[in-house]
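We just call them A, B, C and D in the order they show up, numbering each chain from 1.
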Amino acid sequence: METRIGHYCGLFGVYGEEHAAAMIHLGLQALQHRGQESAGIAVAHEKDLRCERGSGLVTSALSRDQVEALPGRIGIGHVRYATTGGPDPRNAQPLLVHYRGGPVALAHNGDITNKAALREECEKAGATFFTSSDTETIVNLLGREGGADFTGSLHRTLRRLEGAFSLVILRPGEIHAVRDPNGFRPLSIGRTEKGAWLVASETCAFTLFGAEFVRDVAPGEHVTINKDGLSSRRYAEARRPAQCIFEHVYFARPDSRVFGENVHLVRTRLGAALAKESPADADIVVAVPESGVSAAQGYSQESGIPQDKGFIKNHYVGRTFLKPSPEARLSSVRLKLAPVPEVVGGKRLVVVDDSIVRGTTSLGRIQSLRQAGAREIHFRISCPPVLWPCFYGIDFPTREELIASRMSVESIRRYLGVDSLAYLSLDGLLKSVQGGADAFCTACFTGDYPTAVPPGSLPTRCV
Amino acid sequence: METRIGHYCGLFGVYGEEHAAAMIHLGLQALQHRGQESAGIAVAHEKDLRCERGSGLVTSALSRDQVEALPGRIGIGHVRYATTGGPDPRNAQPLLVHYRGGPVALAHNGDITNKAALREECEKAGATFFTSSDTETIVNLLGREGGADFTGSLHRTLRRLEGAFSLVILRPGEIHAVRDPNGFRPLSIGRTEKGAWLVASETCAFTLFGAEFVRDVAPGEHVTINKDGLSSRRYAEARRPAQCIFEHVYFARPDSRVFGENVHLVRTRLGAALAKESPADADIVVAVPESGVSAAQGYSQESGIPQDKGFIKNHYVGRTFLKPSPEARLSSVRLKLAPVPEVVGGKRLVVVDDSIVRGTTSLGRIQSLRQAGAREIHFRISCPPVLWPCFYGIDFPTREELIASRMSVESIRRYLGVDSLAYLSLDGLLKSVQGGADAFCTACFTGDYPTAVPPGSLPTRCV
Amino acid sequence: METRIGHYCGLFGVYGEEHAAAMIHLGLQALQHRGQESAGIAVAHEKDLRCERGSGLVTSALSRDQVEALPGRIGIGHVRYATTGGPDPRNAQPLLVHYRGGPVALAHNGDITNKAALREECEKAGATFFTSSDTETIVNLLGREGGADFTGSLHRTLRRLEGAFSLVILRPGEIHAVRDPNGFRPLSIGRTEKGAWLVASETCAFTLFGAEFVRDVAPGEHVTINKDGLSSRRYAEARRPAQCIFEHVYFARPDSRVFGENVHLVRTRLGAALAKESPADADIVVAVPESGVSAAQGYSQESGIPQDKGFIKNHYVGRTFLKPSPEARLSSVRLKLAPVPEVVGGKRLVVVDDSIVRGTTSLGRIQSLRQAGAREIHFRISCPPVLWPCFYGIDFPTREELIASRMSVESIRRYLGVDSLAYLSLDGLLKSVQGGADAFCTACFTGDYPTAVPPGSLPTRCV
Amino acid sequence: METRIGHYCGLFGVYGEEHAAAMIHLGLQALQHRGQESAGIAVAHEKDLRCERGSGLVTSALSRDQVEALPGRIGIGHVRYATTGGPDPRNAQPLLVHYRGGPVALAHNGDITNKAALREECEKAGATFFTSSDTETIVNLLGREGGADFTGSLHRTLRRLEGAFSLVILRPGEIHAVRDPNGFRPLSIGRTEKGAWLVASETCAFTLFGAEFVRDVAPGEHVTINKDGLSSRRYAEARRPAQCIFEHVYFARPDSRVFGENVHLVRTRLGAALAKESPADADIVVAVPESGVSAAQGYSQESGIPQDKGFIKNHYVGRTFLKPSPEARLSSVRLKLAPVPEVVGGKRLVVVDDSIVRGTTSLGRIQSLRQAGAREIHFRISCPPVLWPCFYGIDFPTREELIASRMSVESIRRYLGVDSLAYLSLDGLLKSVQGGADAFCTACFTGDYPTAVPPGSLPTRCV
């Protein structure tokens, strides 16, 4: 992946471990790839909830003093993704509010498609909103649904929501985990050796603590964890399964188990499928780190072409003060990903990446390989071209910016100056994941949305 | 004043000046003495409102980038006082919310006595609260009162409030200024040479711009300023006048005109009254800077005893890393206020301050004067002893901490080790201010509250 | 004083108190008015010296962690003044170096007039310089003078120096205090109740700890304090006494004893002399805080015209984001010093300040008094016009910037728009200080320098 | 490599490119792996040199304002490695000094073995030292050697130095590059397309700009670059070649060309040699990222055992607030390097790393693989055990901390709990690098030092 594609958030919850806040602080770091804009932790302490939130990466957003000011054995946490509009600390989650049902903290991963209508309804009833986030709308609905019967009012609230939502909710003495009826976003349950319960967007946060994966929260399920252990209720029937295929293609960490399968193994299969569909006569396979690494391994194994390190990634955050120019841009690309002349010089390469977004960064990388002496470049992408907007929590660039919605594959090939270019087919993609077409949302490739979308939000035509 | 007494906030509004935000940023600095915890500015730009808020003094809370990101000719600002619980950026004002009436920003100075009941009512109706501040309750009520008719819903909201509230409110194209029916807190209207309207808690923010004082907002009045100029409505009848006498005694800046009079001149009169009531046979009058300076001048003029600089104030913020000990505490007192041995050595002093709160800091100052060679010390305080809690926006220490509620005047004299000690009488105080007993709230001295107070909040007995 | 005049540094040393570093940290805060660019502390711990330095005010330059990392009972500290070129942390003092005599730390207040020649000599002998400061030259000379006999090599070094230098020097187990043979800058010795020795640029740092003033270090004297107590040597004969008169006029804190006299009392005498020389027919005397306060008191006492608070100083650091314009500049002036309309309105004022530097700030203040309604303004300055550069540690603006070197008194009067303007005469100034013309350097008023000045550095002519 | 091994610094120089400072800022980021403690840039502007330095990574040490304050087309830069004693900003380089030869800035990579004797000599001659770094000693020698003839005095200075030193030196209008006569540390010359000259510790900083590698600076060579182009002088005969083998094993970036060969290719050969020497019957080869990646590739290719991603590296900086405990330590290890259960579960692994230092981190990683289900673990290390201290710029832990100097290979195997453990032999190592035993220093493995070492610095015996 050349340009970062935005994603809404990672969730983590702990029930029953000493200093839950320190565990959440660590667990959020394992989920850091799901959001770098802000981070927050809320804990339950006796009858009260407390919350600390901040901007930036987990380690800078939440200081030792803040984490140590959060006592107790129960808590939830959230990392939030960086929107283009810049980080606004008011949008950090969890949201902690007081209402007639007492204090409640809520963290959300996803996107509500009927948020505008719901918000208008709340406003008509007298609500005031501090932020523009759909999470505040969820909280408002919950407040209006009632106080005494939390489960009932939560279920009534959830049934009003359409779209993608995985939620963790904290009340004094208990945490709740919820997944939308389509199951767009992942949410899993784990357990530590000592018996504490964990909830996380991805299982890599379980492995961190040597905890075992118990099961996924099911679409339409509401799980409660309190002193009586874990209990499950269904607040809605499961609908058409619509797991986000991009979690496998790009978002999730390779060591996570998502939607029943290890991500690295899925990506290896995508690479193998790509090798079958679009072979190339080449000397070595070169991965674009990090996102293309697993698929490149699959391509190499399937094709028999050996893999080699054509690019070295610089793990330090880079920054340039050079005046804007083509050379400066190219230096900036090479600062992050340096070509290795001795590896690629005179060779015919298969270069494997997970996607092309705007095209400019891919162009820089291809140019840097050429300058390092590559003889032929066969560019392979481990998913189909992204053509349609997402309403379920992925922040793709606008259609105008997405190169695949402006150009044909052949035009992109010429633009990049590669000898051949191929994307994985939708069929090849779906055959590589458990459940296939019946289990996943592929609207970003096809425009076939599993739910109603906000009125007037679809492009009128597509290339 | 030895220990800081807390106070809730200062307000400033601008209608009709280019780059209103930069003006507000400056105006808030002139009101900085009314609150150092946080500061915020909201502006109206076309159909939209924007807000920036931050922790600390105005100059650190709001950066140049933040101020320049606030366009337009209309805006309001707020400084908030530092509570003992430490600054919480979420409590910064103005509060900017969206509701069915559109966007609105509100800043508040005062304290609502029926806030608990109002909040409970809102929660029963489904409201969720993000903070514990009464300002959020006001905003919630406004949201519930309706949308189309702003004036009507504002008036209905205001009539629900009891206690002290001066408000400035911003909507697209207009600002509103409101004062409670008792008129506890000041709020004045000014006008610049170029014709822009200003609203401020104190007139020192007008002088800053060379603007003229127009008039005070009246108790129970709602002033609107928009493209049609200034218009006035009454949302409630004025009630028993209850201007806060402590604005004159301590809070307001000496150069401000508050409740119809210049503060420095009032304080000079308090000192003169004190000299008449409690003369002393002494060589020089020494002010405790800054709060005792004006009263000392009055004492000196009335008594004919010359004033001299017995204390020098260090204007740099001090901080000590010495281990706690009596000597370290005394050094800390002297770091802020240094005695001048050559001035006080061998002399009989009248030392004038505006109040004694806990007594510990006064003790340190008296000791440092003794160590510098003072022969006699006659301590004079320019208001009566504070004995009762305030429900209208002043954060006195608790009764247990207030020395005057634990000790008689003679006991305090012995504790401080001064040769004589006298407070100004209530009568002497009221005779020195315009309107006297009929115009001011003196509940902190007398326990005679001008409004109902929150149930169960009064001490059962008083020394 | 309207515009800050720069000054080189304040010194503080402690011998024999537990956690000397924390005491020095506090003592430097009492000397903060002598320098705000940077601060540093060095301590002796067993055979070793340690040093921490930083930029800005003492409290921000040196954190608790830094101060607590400095063990021991012996140490020295330094505050450095902010040059126009901006703070360079490399220029912070004390300078800590190792040479064949072991480790040594040195802090300097003053200016060496033959620094260029000395530096050239060191360079010829092979020295390398890290900074442009004359303090590094002193250290270099010391290194070259030898190792085994510290006293001898120090004396040889000191005899090479010309100009102004008060020094405190730290070695393992001892501190040294030195004053130049002309005695330009102050340096005093104090003693705490517990018997520890203190050395400070001003005695206000003794009062802070309740310590007694013992005596001044004499011109040409080298004082050593170690386990054998205090001992004194003379490294050079005292020369023509040349105490800096500006310490009394402006620099020193009013509560300090400098050159044998309390500064506030001296300034009161300057004001009285000014009243005698230049009386005015007026209603009130108004001080320009803070620098004009003592002189205004003297003027009032001598003239019988009562003093009143015509200006209120805002003690918060101000900052404006208004676009540059005459109004914005005036607001900026009034933010720092606000006129009190009720005090000055309709009155004839005597306004007392200690000096006029560039004239622009004075102009703003006069204008703000006019706008507040002052009827007549008689401006009185408590020293003669500054016409000549200083080579002994004061950083006056350049001659082009000094209004008095460009304009006659009458022209300045017209420029400021005051009804009368008068400076104190040199004679009046000298009669007000102990020792008079024989004891002080007045070169900035007269051009009569007590030592040779750097070749080519004098202006060819003077107004 | 499990625990970071320290290394002294990276160098970069530019002659002839617009805004050299911005280029250096970028080039230093490509060399960031060679030092993270501090960074600095010096530029030549007309007759003057300017320098900015700071603590931490390049991007935080040097702000945009600092970089833009460095004008000109000529400059040098330096990154410095983090010692255990914590970063001291005074040790940041380049060192910029003035001496009789004018201004000069110098940056150093290496370690001078006779530094103590040289420093003592300088001190005896009167020098004062601000830091404990040997770089200041070099500068001091240069100052003492003379002024007029820079080349002569530089050569005399260099001939006094023993040990490892690569230097870049800046004077007005020219840069100089020097390598010690043994050639311990790399230093290369490059050229941009536009004709500007570059000097860098590693060629990855050339690739960044698309610049070509010209040649290495030779041992004993002094290269000057100025308006007349590049010229070369020899200041000393080359001595026994002693290139640091650890540059290939661990330090250098895989995409760099060092001592005539690409680092990644050398490491691949080390892995292949390891596979030949110490085969294993296993299912997959797992690299310990990042340092073991290239060797694992070689092991896989030679053995025919496929490579797979058994570990996922978390690229965000991690931090834990968990209380110290074995579980917390293991979580901390897994936060940085997460095992992938689906990859390693039930498998027999060959795990390849470049070295074992203290053993504790390796232990954590082995344990996390076991917990993730690994059936057999065969641990392979791509160099011999490190047994001897380095005096040429590598900061190994002390002998007590180095596990290989305390335990036999079999004991380490039992400690780590692996099924087999093997190190690459010295012979295998030397056969994999160009020039072999005649070209490299292998003292850390053998104790055979190519130069005299500081007296008394060697351990008396070795395991």
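One rule holds in what follows: a residue touches a chain if its C-beta (ideal position, glycine included) is under 8 Å from a C-beta of that chain, and two chains touch if they have at least 3 such contacts.
From a predicted model like this one, the values you see are computed outputs, not experimental measurements.
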Least hop count linking chain B to chain D through chains in contact: 2
Rotation angle superposing chain A onto its copy chain D by C-alpha atoms, nearest 5 degrees: 180
Farthest chain relative to chain B (centres taken as mean CA coordinates): D
Distance from chain C to chain B - Cα centre to Cα centre, in angstrom: 37
Geometric centre distance via CA averages, chain B-chain A, whole Å: 49
Distance from chain C to chain A - Cα centre to Cα centre, in angstrom: 61
Multi-chain contact residues (two or more partners), chain D: none
Touch-based graph of the chains, sorted into line, ring, star, complete or other: ring
Chain pairs in mutual contact under the definition given at the outset: A-B, A-D, B-C, C-D
Touching residues on chain A, where the partner in the complex is chain B: 89, 95-100, 123-130, 139-140, 142-147
Chain D partner contacts - residues on chain A that touch it in the complex: 19, 21-23, 25-26, 29-30, 32-33, 57-59, 64, 67-68, 204, 207-210, 253-255, 257, 262, 264-265, 290, 293-294, 297, 301, 306-309, 312, 314-323, 327, 330-331, 334-335, 338-343, 368, 371-372
